[in-house]
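What follows is a pair of complexes built around chain A, which joins chain B in one and chain C in the other.
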Partner chain A sequence: MNLKKLLLRRIIEIFVVFYIIMTILFLLFHLAPGDPVSMMVDLTLTPEDVALLVAQLGLDQPLWLQYLYYIKNFFTGNFGTSFHYGRPVIEIIGQRLPPTLLLFTTATVLAAVAGIWWGKLIAWYKGKPVDTGVTIFALVCNTLFLPWIALLFIWFFAFRIGWFPLSGMMTPEIWVNPAAGFLAKAGDVLHHMLLPLMTLFVVNTGAYLLIMRSSMLETLREDYILTARAKGLTERQVRNRHAAPNASLPVVTSVGLSLAFSVNGGALTETVFSWPGIGRELIFAVSNADYPLAMASFLFIALVVLVANLIVDILYAYLDPRISYE
Partner chain B sequence: MNSRFYLEFLKVAAVPLFMAAVLFFASCAEHADDGILRLGLMEEPRTTNIWLASDANSRKLISLVYQPLYTYDPDSLELTPWLAASMPEYDPDTQSYTVRLRDAKWSDGTRLTADDVVFTVELIQRFRVPRYYSQWRFVERTEAVDERTVRFFLEEPKAIFLTRTLVNYVVPKSQWEPIAEAAGQRQKPLAALLNTEIEAPLGSGPFVLAEWRKGAYIHLKKNDHFFGSGVEVSGRRLGPHADEVLFKVYGTADVAVLGLKKDEIDFLWMSIQPGYIDGLEANPHTTVYLSDRSALYYMGFNVRREPFSDPAFRRAVNVLIDKDFIIDRVLQGYAAHMDSIVPTENVFWHADGLPEYARGLSREDRIRKAWRVLSEEGYTWQRPPVDENGEVAAPSRIILPDGTPMADFSILTPPADYDPARATCGVIIQEWLKDLGIPASSRPMAFGALLQRVKDRHEFDAFILGYGQLSLDPDYLRSFFHSENDRPGGWNMSGYNNEAFDRLADESVMAMDTQRRRDLILEMQRIVMEDVPYIPLYNPSAVEAVGKKRFEGWEEMIDGIGNIWSLTRVAPLEE
Partner chain C sequence: MPLLEVENLTIDYHGRTGAVTAVEDVSFSLEKGRSLGIVGESGCGKTTIGMALLRLLPENGVLRKGSIRLGGDDVLSLSAKELRAFRWKRISMIFQAAMNALNPVHRVGDQVMEAIRIHHPAFSAEKIREEVAALFDLVDIPEARINDYPHQYSGGMKQRAVIAMALSCRPDLVVADEPTTALDVIVQDQILRKIREIQDRLGIAGIFISHDIGVVAGICHDIMVMYKGRIIEQGCREEVFVSPGHPYTISLLSSYLTIDGVFDLHADTAEPECIPVDESRPGACAYAPHCPRADADCFVHPPAWREKSPTHGVLCSKTC
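After this line comes the complex of A and B, so read on.
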């Protein structure tokens, strides 16, 4: 099978999986008890008001008809209007996605680079105290409960010693000040980003480091490493040019998927840091039964993850010439 | 392994460290914040569209932008003219109220006129705007007598017109007329109206929206045309004295409280958990305000079902419930005792001298009293909860007067992650009922599912729910207990049906004389507390905190200091 055929097959697969996800999502949301209107405990809302609102939201239609509209609307690019905000879903996702991407892709890339780098080094010194120490530290970091460490960081770095802002993405007092220029505003956003970034870095690096370490240990046992040494290459060359690139393959897969999942954001990270991203929005949308917003967000995430899977598969072949699509 | 290893090991760590150092210095930019009142919220408001704004946070924002004709005096809780210049005049012959407006302006400097008021009412009636329509539906027509005089003709006398209807906001015709016209042409007019985004709402309040950076902050500026600037209303001189207002959103209460302590905000506009009080009181820069609320947390029965249909059974359950224990242990003392559906703090409407049932009795005495109540009505036990010596003992399952043992039943509560207090109450009450052989089990349930079963399908035995903000006008008594509201989706969720109550409730709606209406409302409370379809459990206090470094002059009122009086009166501290 050549690459073209493989691509075509995978795209069809993606389409089928996506359609199944769409259907499951629809059923999950519409069969769950409570709709956005009946959940309002508001004494000024009479049963007639509820009926009117339900009709205006289109929720009085039979389920199969709602399903057909949903499929039709989705494929005609109409993602609907959020029940909660009364604004087009696409606009809300468009607003919430950039902060999420900014924070989570940066965090993933930084954690991956550091994980690969450190994993490579400690594997090289296997059995030495530094290997034991760093491995234990990485394991501890990897199992840290994110909201806890996030709150601890906020309390210490932002509240006690005041190096960073407590939360959010910008300091309103700077942004509403007409005298503040672009640099001040950009610096402000980056300043707000540092603490969540630090938290994500601490929690995520461990995993990459451990994957890289074990992959590196496998690679170091390969014959070509022995050959490289026999050729008289320096230890540094053997490690950096021959072992590390091959060992980093599993990390690449993991990073690829993490990058895809970064569109999902991290509901917990975003909540604790009041980061105005899509993860927090998803939680609100689900808890407020805001079907259009929740479903569109989930579908978007599903699509990105499916496509990222495909890209990682293709990338793999380029990184490792031993893999072929035959 | 040598020092080169460590150097190499640290190469990567150098990147974030370098970034941190650079940005730390880069972002030390000073910012001026004099005269900016900074308010903390736990969730971003959903909209500036007044007709869509049903969430508490949008309503906070809306309350600074739009204004009502009347409001409540913070001390007496009596109706006070706000946009209106005087109290409304009633003409019994035409069943009409005449309201004279102040010389008020919209934030663009144009005059707020009787036409705006008429337009607001007609818009609500035309689109049947949920939440508003039920308060305006009985107004037959509204007439602009002159530029500053409005006359409301009622279809029939309606007491809530004064206390509920006239406290609604007025919107400007100039901004909403084109929107209403466009929405009216659409297939779903109401949805079109609700989904209209209002980027720059034209209001008559103390502040005007300057910028809303979604997800980050909301910036308001002082409205130079606010009618109240320098004016005395209810003996209070209004401002606003803050030049600007900033709403900041925090993801968790922990961080919001840190924000308050760190002087990032001047007021955290939400009721916080009592657990934060000690820390805030110990902080020299923050003040905690404890206020009464107009709230009701209660246990309800499905009186359509046996044995909950028996008032004696419900009374016995009421006897078994130690409300003071719940307040002390579950709510750490930050709640008020309730002996009626109308909170005690609603001084004008609350009925005194209602049956206390078992307040102050020990656990054993409660069991004895409940046992007596039920025994007299024919309930029996194979092994009664009180033995022949009058000692309390572990009972067998209670047997109903018809001779059948009572079946297991559930007390539905919201889950602990939604409201730990109500979930805990369910468990405690379950144990208290077991002391009398009543086979109850507490069942936490997702909030949506709970409401659907209780309100829409009536498939339940008992439940614990609450209303965080009841109106000051007690018209909700009618909503809760009038038989006409016993229908799927109706607010009489218990299915309570009492003709005497219905008669009084119907009369109270029409009673235009406040004293007469008060007598009726008091009597209605007496009937309900005799029959106890609902057992009021507690009324939690509003716990709020402010920073005291920058602003002063917060106005305490029922439901807390986050009210229009505070926000128009707080002023920067003198240096």
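After this line comes the complex of A and C, so read on.
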């Protein structure tokens, strides 16, 4: 009952935040130097043609009217046509968003689960050499510059020993072959995905591990841990049932926070691995002044981050019963 | 044979600057169904004794000397597996700050059930649920609240739930470490009565650890007063209260105000001005610097254990 109320409140909040983001984006695009028409103009166009183009795009209308059109278009699902591709923007987003979601959700979930698991174990060996070693290793991994380690991995695993493809998400031969079944296709994507996954895993797991470790150490000092021990539980039961659920809460929070950052880090990762995702598309759209595509990419990335945070909130409320009653 | 026998218990805490003796040469015994109160100021070692009974001393706590026997079993020689079976089933504990003794992310009922399930693996889920319902009834928590989380309980309810949990495996002995410190006086009184009532009904022995001699006075058969890791006075309640032998006990009793002011009558209870003392002198009476009766002898020689009666002993050379 209370969880429902919490959810409803969060969803309303998301709408409000999203509306604010939309408005800021609109203003930013209008404040930015240059305009869409100048990008399309070439020397063969007469000034009349240019004026016609401006009128076609509605750029001669007052700003408030443009804003209303913008809002209306969004809610009617009309995102315009990409200047570069000449296709509806929504189609391009539809193609680019799923690969990004696939790669980054998998990477985040894997890193968080591994970080929680290892952090939990390593907290048990506090002060021992293995604890010191893992802590230092995690710190080093966490500070690695992602494109650098990505290039290193590509050079070694894809180029030198050839275990993985150099770039991309799929092998064209498999995808045009009508005989290839779902499994073959899924396997192909997985094969392409392993290297970027590995990179993201190496860079992200360390942070989660360190948060979990220190959170565990704090939780282990709690009185209810003493109670659990006094009850005759094994150390393993104390760790898994009484310490870990409480200790993992800060990790969940940090997953929510890092999702927003994984989008810009994501653009880098996608570029290095030529992963056909929305981050790379966004960079492309911005550098080519493909206004409709850039705008829609921004909006959808924002939407994804908001929804992901909602999921984290639900998870949090599930893990900590105190949350939904506040 | 007494239920619990503790002999010459000596416990050190190892820190960066060396070892500190928290409990020194403590011996006592407890009969089945009786209650013992351990009183003393913070740091006198009373909680350490409680922890040692369950072998729950922190990593830097070392049991240097002594023995603990419960019903004839040597607690200190139990293997890890035997120890887990021993904890809660033979001795359970009501912890200091019970507010935090319940895990916030698990339902209260589940936490009680967990204890029963560990020690009675043969019990069916249905049987365990019935047990828990009966326990909650015993401590006056409505059955409907079993599946609540700790934060939905009031302070007094949490404390009662912790008591229910401590009794869940029908232990021989319950150690209650400051069971009511965080509660207001009215709730405190209810809780203490409840513990005593259940204890009598189930024939469970109890050790009540408190800094408040008033708390212990109302519910214990025997009283043990500690100062700086040592027992300085030991006896049954009436003896200790009516004819306290140690100056520290007298001073404790007089700080516990009663309406008729009965403990205010002692004239020699005021703390004297601090007398500089060479702390390193081994064996000398630790209370001597604060003691109104102390003379030069007290600062040099160890205090003697004087027996005022077969059940009443005092660690003070100046007591007659």
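In the analysis below, the second predicted complex is superposed on the first by the 253 of 326 C-alpha atoms of A that agree within 3 Å, B and C clash if a C-alpha of one lies under 4 Å from a C-alpha of the other, contacts with A are read in each partner's own complex, and residues count from 1 in each chain.
Heads up, the rule we're going with is that contacts are C-beta pairs under 8 Å (C-beta built on N, C-alpha and C of every residue); 3 or more make two chains touch, one makes a residue touch a chain.
Quantities reported herein were computed from a predicted structural model and do not represent experimental measurements.
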Quiz item: Is A:Ala228 touching the first partner chain B, the second partner chain C, both, or neither of them?
Solution: second
Practice problem: Based on the superposed arrangement, let me know which partner A:Lys126 touches: chain B (first), chain C (second), both, or neither? | Solution: neither
Quiz item: Does the superposition put A:His30 against chain B (first), chain C (second), both, or neither?
Solution: neither
Exercise. Considering only the touch criterion stated at the top, classify A:Arg322 as touching first (chain B), second (chain C), both, or neither.
Key: second
Exercise. Once the structures are superposed on A, label A:Arg10 by its partner contacts, choosing first (chain B), second (chain C), both or neither.
Key: neither
Practice problem: Name the contact category of A:Pro276: first (chain B only), second (chain C only), both, or neither. | Solution: first
Self-check item: Broader residue contact with chain A after superposition on the shared chain, chain B or chain C
Solution: B
Quiz prompt | First (chain B), second (chain C), both or neither touched by A:His242 | solution = second
Self-check item: Touching both chain B and chain C, residues of chain A
Solution: none
Exercise. Name, in rising order, each residue of chain A that touches chain B in their complex.
Key: 32-35, 38-53, 55-57, 81, 84-87, 95-96, 99, 110, 113-114, 117-118, 121, 125, 128, 130, 151, 154-155, 158-159, 162-163, 166-177, 180, 183-184, 187-188, 190-191, 194, 197-198, 201, 270-277, 280, 284, 289
Quiz item: For chain A, which residues count as touching chain C in their complex?
Solution: 222-224, 226-234, 241-242, 245-246, 319-322, 325
Quiz item: What residues on chain B touch chain A, complex-wise?
Solution: 1, 5, 8-9, 11-13, 15-16, 19-20, 23-24, 26-27, 29, 31-33, 36, 38, 43-44, 46-47, 49, 52, 54, 128, 130-135, 188, 190-191, 194-197, 210-211, 213-217, 219, 244, 246, 248-252, 254-255, 258-259, 261-262, 264, 446-449, 451-453, 455-456, 465, 467, 470-471, 476, 479, 487-491
Quiz item: For chain C, which residues are in contact with chain A within the complex?
Solution: 54, 56, 83-89, 92-93, 95-97, 100-106, 114-115, 118-119, 149, 151-152, 162, 165
